[in-house]
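What follows is a short report on a single structure.
Here the chain labels run A, B, C and D in written order, and each chain numbers its own residues starting at 1.
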Amino acid sequence: MNKVLLLAEILTVASALIVGFHPNILYASVFLLFTFCGVAVMFLFAGADFLAGAQVIIYVGGVTILILFAIMLTQWLYKIKLADIRNKMVVPALLSAAVGVFLYRALHQMVAALPPQTPEALEKFTATPKTAAIGQALLGGYLFPFEAITILLLGAMVGAVWLARPE
Amino acid sequence: MVQSAQFAHSLEGWFGFLPLWGWAAISAGLVIYMLALPFGGLATYIERKIAADMQDRIGPNRVGPIGIFQFAADAIKMLSKEDFVPKGGDRFLFNLAPLFVVVGSCTAFAVLPLSKYLIGADVNIGVIFLLAVTTLIAPGLLLGSWASENKWSLLGGLRAASQIVSYEIPVALSILPVVLISGSLQIGQIVEQQGWTVFGENPATNHFWNAFHNPFTFFSMFLLFVGGLAETNRIPFDLPEAESELVSGFNTEFSGMRFGLYALGEFCDVFVMSAMVTALYLGGWHIPFLDIEKLGFALPTGLVAFIQFHMFMIKTLLVVFVVMWLRWTLPRLRVDQLMGMCWKGLLPLAFFNVLGTALWMWVFKGQSLMQLLAGHG
Amino acid sequence: METGFITAFWFVIISALTVPLMLGVGFLLRPKGKDTRRKMTAYECGEEPVGSAWIKFNIRFYIVAIVFIIFDVEMAAIFPAATVFKDSIANGTVALVFGEIFLFVALLLIGLIYCWVRGDLEWVKGVTKFAPNK
Amino acid sequence: MNHLMQFSSSLQGYLAVGAILFSLGVFCVLTRKNAIGILLGIELILNAAGINFVAFSKFRTGLIDGQIVALFIMLIAAAEAAVALAVILRFYRLKQTIDADEASIMRN
């Protein structure tokens, strides 16, 4: 089963590389879709079964469609405008690589600070269904953030529709 | 937790000698190549026969007895057609688009409960899996239509994408009452709870078909059916491929087998939608008022699986028949009516049904109409 | 990792392989004609295509997509709460769960009603405004 | 090969993928002139954060909280995408371009 996870990680990283470097933004967003799918599989292997489904529903079914619509709506001069990546790439590349290395090192220290789980506990964690537990948590300790997010969603919908509305 | 009896487990139990992942692969291959793709092929023939019957014609009758091999002839024709990408089109996306459609509709077969012992993948997020996998179709149609650089295609693809995503909300919200009732997302468990027998004691969790659990779920079933009809671009919601407006909509530039794959994906999707209605609301594999596993004597598991599979297929194909029947009955909607119906009709009704079901569950302590009648409380 | 997901992966792999398989069989069987200019043009009912097909389309599609994504997110977030509803009847926290679902639904319904009243859900805008006796 | 598989299914593997996604997201934000391209980079960054939360929730704490935070990230990301794309659209209608360099009304 580790092979599937490895494949998913390779898919994620490879398509994220294309998202970063492909000059055509339509292709970049299509490969972003593959990145989302790869991340969903990684979630699945980390025992986050509901989250994997939500990832596909929200990102692939929602965000990607929205981005594709936006690209198609704004980029009607297709070939001229889509290829717009900056020419100066060296400094951003070095900068983002430095950020990535720093992040990995910082998290690595955190890894060392926290006690690891036993293999049996990991096995058990992966095998337990999480949907009901997430539901319990959303009704328990996370009730207030959950409702706050509802209000955020309401505001986002009203605001976004107001912004996008033609005069 | 119900004892999970998935296809791979059953095969391993009956035959042995291969590791579980091998049986998993074989079961996936069996379901796709023995059920999904043949259904996609045969459905074209059945649809034409039904159309012919309703219009008092004969329909396809040349290839084989009563034209039954028409689909094979169609497949050969499609395979031997020339195939090209239009000049201004985007070759990569043009090739990618059918992949999305086929993967989206065929992978959904994994969670269909063909029988208690023949569920491809009885995952514990079954319903979410179904919703997640079928969302792949909308980007596929959109990208394919964009890649073919054709105005009809683009308009069709845009209509398809916005229609599919809009109707996904009412579909998901009309699945929600079932989740409220069952307290589980696992489709095998949802179906198992819909059993009911008059010859003996019923377990406390069983509450007959979800469609007759309470009045709200009864309406919810119709919402799910209508939403599914729109998600699969069937008449009266076939605006994305309306012949009289958009030539052939999003698949105008797709020729030969590429078009065949689109058609296949679409028919598989119709089956998935009908199976969803069957499994979630019409009792899935259960024979009404009879539990063949509690007859007093034990049937072999293979036979039980066989009978249950046929029961499931009968129900699903009846729903498919209704879908095809509607095609020759209803006229096509206008695009504003379509969107209005989704956002102003189905969505508030679906919310109403969810709240109604929740209230019913609260008031009657989770009992179904049948349980109340039988005096279980 | 349970068996179900293994089978689900196989479903993805096999159905993804079906597409190249069928196109490959078609590639072996079909004639390979020359790509003449006329054949390669986009089909526009026999006319020569005018301009690019990548046209500016109606902004309504986009607004519907925006409204959709909010409801999509809401739908994904409400499933876990719905899953625990049945158990909450047994352990007496049903009022909380029902209140939570109701609040969640009600807040989004407010948004829907806002869009409805402001006419963002109308596909054809202005037809009724300009149609009568002008 | 075996070593790689071992690495991929460990916490370090998840963190490495997360870090790569994060730095690619930063790169995307820095190099794209297109406003939608910048949004793609932000989505990558948010996904990287989600991966890290989920990985720590499995490999270290063994609690569900990391997954809930990841779920909240998703919900907020979707809302953010809706608003950001609406802003981009507004900008497009104003300027007929979505080149982020053109958004300089507030400058000076």
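The criterion applied here is as follows: a residue touches a chain if its C-beta (ideal position, glycine included) is under 8 Å from a C-beta of that chain, and two chains touch if they have at least 3 such contacts.
On a predicted model such as this, the values are computed, not experimentally measured, just so you know.
A.B. asks: A-B or A-D: which has the larger count of contacting C-beta pairs?
C.D. replies: Higher contact count goes to A-D.
A.B. asks: Can you check how far apart subunit B and subunit D are, centre to centre, with Cα atoms defining each centre and the answer in Å?
C.D. replies: Those two chain centres are 34 Å apart.
A.B. asks: Round to the nearest whole Å and give the separation of the Cα centres of subunit A and subunit B.
C.D. replies: Those two chain centres are 28 Å apart.
A.B. asks: Calculate how many whole Å lie between the centre of subunit A and the centre of subunit D, each centre taken as the average of the chain's C-alpha atoms.
C.D. replies: 6
A.B. asks: Which whole number of Å gives the spacing of the CA centres of subunit C and subunit D?
C.D. replies: Here subunit C and subunit D have centroids separated by 22 Å.
A.B. asks: What parts of subunit D, by residue number, touch at least two of the other chains?
C.D. replies: 71, 74-75, 78-79, 81-82, 85-86, 89
A.B. asks: Of all the residues in subunit A, which ones touch at least 2 other chains?
C.D. replies: 45, 49-50, 53-54, 57-58, 61-63, 65-66, 69-70, 72-73, 126, 131-132, 134, 138, 149, 153, 156-157, 160-161, 164, 166, in rising order.
A.B. asks: Could you pull out the residues of subunit B that touch at least 2 other chains?
C.D. replies: 123-124, 128-129, 146, 154, 158, 161, 165, 168, 183, 185
A.B. asks: Sort the chain contact graph into one of these: line, ring, star, complete or other.
C.D. replies: Basically it's none of the tidy shapes, so other.
A.B. asks: Could you pull out which subunit B residues touch subunit A in their complex?
C.D. replies: 90, 92-93, 96, 123-125, 128-129, 131-133, 135-136, 138-139, 142-143, 146, 154, 158, 161, 165, 168, 183, 185-186
A.B. asks: Inside the complex, what are the residues of subunit C that reach subunit B?
C.D. replies: By the definition above, subunit C touches subunit B via 2-8, 10-16, 18-19, 22-23, 25-27, 29-33, 35, 37, 39-45, 49, 52-55, 57, 60-61, 64-65, 67-68, 71-72, 75-76, 78-79, 82-87, 89-90, 94, 98, 101-102, 105, 109, 112, 115-116, 121-124.
A.B. asks: Sort out for me which residues of subunit A touch subunit C in the complex.
C.D. replies: Touch residues, subunit A against subunit C: 1, 4, 44-45, 49-50, 53-54, 57-58, 61-63, 65-66, 69-70, 72-73, 75-76, 78, 126-127, 131-132, 134-136, 138-139, 143, 146-147, 149-151, 153-154, 156-158, 160-161, 164-166.
A.B. asks: Would you pull the subunit B residues touching subunit C in the complex into a rising list?
C.D. replies: For subunit B paired with subunit C, touching residues are 4, 6-9, 20-21, 24-25, 27-29, 31-32, 36-37, 78-84, 86-89, 98-99, 102-103, 106-107, 109-111, 120-124, 127-129, 146, 148-155, 158, 161-162, 165-166, 168-169, 172-173, 176, 179-185, 247, 252-253, 256-258, 260-261, 335-336, 339-340, 343-344, 347-348, 351, 354-355, 358-359, 361-362, 365-366.
A.B. asks: In the complex, go through subunit C and note every residue touching subunit D.
C.D. replies: Spelled out, the residues of subunit C in touch with subunit D are 59, 62, 66, 69-70, 72-73, 76-77.
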